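Two complexes, one shared chain (chain A), two partners (chain B, chain C).
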Partner chain A sequence: MRHEKGNILLVELLIVILFFTLSQVIVLQAFVKAQQLNREAGITNLALLRAEDTAETLAVSDNAEETLASLGFTATDGLFQAESEDGYRITAEITHFTQTTGVLTTVTVKAFRDMTELFALPAVRYREVSAQ
Partner chain B sequence: MKRKQEYRVGVGASSILMVLVVLALAALSLLSLSSAKNNAALSQRNLNMTLAYYQAAAQAQRTLSMMDSLMAEREAQNLTAQEWTDLFAAHGLEAVTVSAEGVFSFSVDAGAERSLIVQGELTPQNAPRFTVTRHELTNQTVTQSQPLPVAMP
Partner chain C sequence: MKNRQSVLTHSMQNAFILLLIGLFAISSVSLTLIGSRVYRKVTDSAAQNSDLQISLSYLCNKIRAFDARDHVQLAERGGLQALCLYETIDGERYETSIYAYQGAIWERFALDTEPFDPEDGQRLTIADSLSFSILSPSLIQATVVMPDGESRTLRMALRAGEAKEAT
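Up next, the complex of A and B:
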């Protein structure tokens, strides 16, 4: 009789431990998801700041290529790239549209996290021929 | 003889403590997840608004380049303000208006009820053919006729 009571208590304890373990797994998953979301948002914010900084610097510069080089971009096959220790990569692609009156320079700044594209920000500037 | 009273912590106390710890952790994890989701939503909203601004600014630059091209083609003609407005409209620049004082203005939608207003002076016969004097992001819903008194002496 006493032995049976002990077994029931053991099973009860086992069920309680299992329930707590399950709860902790769910709680841990929620914490991991929250951390991941925060990290992704942080990377997006940092990449956006860098892209904005690049676009604003380009808006007041005369030579887009030189400006990108001074901002830490390296050119490979016409595509400018900058790696960040914060977990994102920025690329900049320059296109010049020349017309008789001036040049319309479009720099498309793209940000990537791993291989996923986060955004593409256009930085466009028109300069008259006489003003160059 | 006086019996000595014994205080023993039973199995129930540790179980209650465990339940409380689990509940506290569950509450913390939910709060943490909710905060992270809000943070991500805010970050996305900031991204969308910034991109919309830069797209509007890019559109404004394209409009200015087209205006410059049209003005260069017709710099010899002495067009009136209305004729310039009509000319721009005929070439897809319906938003551009030119006043009698030679001031052009147009606005580009920048998303989230915002507009990028561009204003400047039009001088087709001189170089440069235009000078931008205003490049401002404004809210479409807020109309402010008088400046707000921020600090009163």
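Up next, the complex of A and C:
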């Protein structure tokens, strides 16, 4: 009778410990996820700042290709790219739309983390023909 | 003999239960410690990101608001590098200067002719230092350094006018 009582106590204790262990695992996963989200938010912030800087610099530049090169971008098959040690990649795609009155240059700045696109920013600059 | 064996089994059971409780207690304490560290790290990082973002957004919005010819200048005020923004109200020229002073970013709004005293301004947000440079006549770069040494730079293009270095 006493032996049986001891076993019941042990089983009860095991169930309680199992329950708490399960809770701990869930909580631990939540912490890991929180840290990961925080890190990703930090990377997105940095990428956004860099993309904004790039777009602002391009907004007052007369030569988009030269400006991108000076900002650390390298050209591959017409697409400008800059890798960051912080874990993001910025690309810039230049399109020129020439008309008789002037040239409209649009640079689409995109940020990627791994293969996921984070955002895209357009930087537009119009130059009249007489100003060239 | 049988009684002794029963006592031994009973003691072992008790020891096993104690061991389980001990293991559980250790894992609970370590989890709490890890959790608090992660939580502190996450909140610290979020607060710092927010402070940096606030400073940079504030600077950017101010410059956008004053983006006109001769309205944006970089100057030295009382030995501090300041971003000076000008506007004319009722025929009087006013200066809004933004500078870093005593571990914070300050904004001072006063008549252009009034002598500068950094204490006259309003304390806005924490920052160890704030510096500006003119990269090209229409491009200003601001660098904010936080108390822990982390820094961010922001470039702002002036659409309507050019920035100047003033005295």
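The criterion applied here is as follows: the second predicted complex is superposed on the first by the 132 of 132 C-alpha atoms of A that agree within 3 Å, B and C clash if a C-alpha of one lies under 4 Å from a C-alpha of the other, contacts with A are read in each partner's own complex, and residues count from 1 in each chain.
Please note the rule applied: contacts are C-beta pairs under 8 Å (C-beta built on N, C-alpha and C of every residue); 3 or more make two chains touch, one makes a residue touch a chain.
Quick caveat, the model's predicted, so the values are computed rather than measured.
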item: Superposition on chain A - do chain B and chain C clash or fit; value: fit
item: Degrees between the directions from chain A toward chain B and toward chain C, using C-alpha centres, nearest 10; value: 60
item: Per-residue touch tally on chain A - higher for chain B or for chain C; value: B
item: Contacts of A:F20 with chain B and chain C, given as first, second, both or neither; value: both
item: First, second, both or neither for A:T100, with chain B first and chain C second; value: first
item: Touching partner for A:Y126 - first (chain B), second (chain C), both, neither; value: first
item: First (chain B), second (chain C), both or neither touched by A:D86; value: neither
item: Partner chain in contact with A:L10 - chain B first, chain C second, else both or neither; value: second
item: Partner chain in contact with A:E117 - chain B first, chain C second, else both or neither; value: neither
item: First (chain B), second (chain C), both or neither touched by A:E40; value: first
item: Superposed arrangement (fit on chain A Cα atoms) - minimum chain B/chain C Cα distance in Å; value: 5
item: Residues of chain A that lie at the interface with chain B and also at the interface with chain C; value: 20, 24, 27-28, 31, 34-35, 38, 41-42, 45, 52
item: Touching residues (chain side chain C, partner chain A) in the complex; value: 10, 13, 16-17, 20-21, 24, 27-28, 31, 34-35, 38-39, 41-42, 45-46, 49, 53, 56, 135-136, 138-139, 152-159
item: Chain A to chain B touching residues, read off their complex; value: 16, 20, 23-24, 26-28, 30-31, 33-35, 37-38, 40-42, 44-45, 48, 52, 55, 97, 99-102, 104, 106, 118-119, 121-126, 128, 130-131
item: Chain A partner contacts - residues on chain B that touch it in the complex; value: 15, 18, 22, 25-26, 29-30, 32-33, 35-37, 39-40, 42-44, 46-47, 50-51, 54-55, 57-58, 61-62, 64-65, 68-69, 71-72, 127-129
item: Of all residues in chain A, those that touch chain C in their complex; value: 6, 9-10, 13-14, 17, 20-21, 24, 27-28, 31-32, 34-35, 38, 41-42, 45, 49, 52-53, 56-57, 59-60
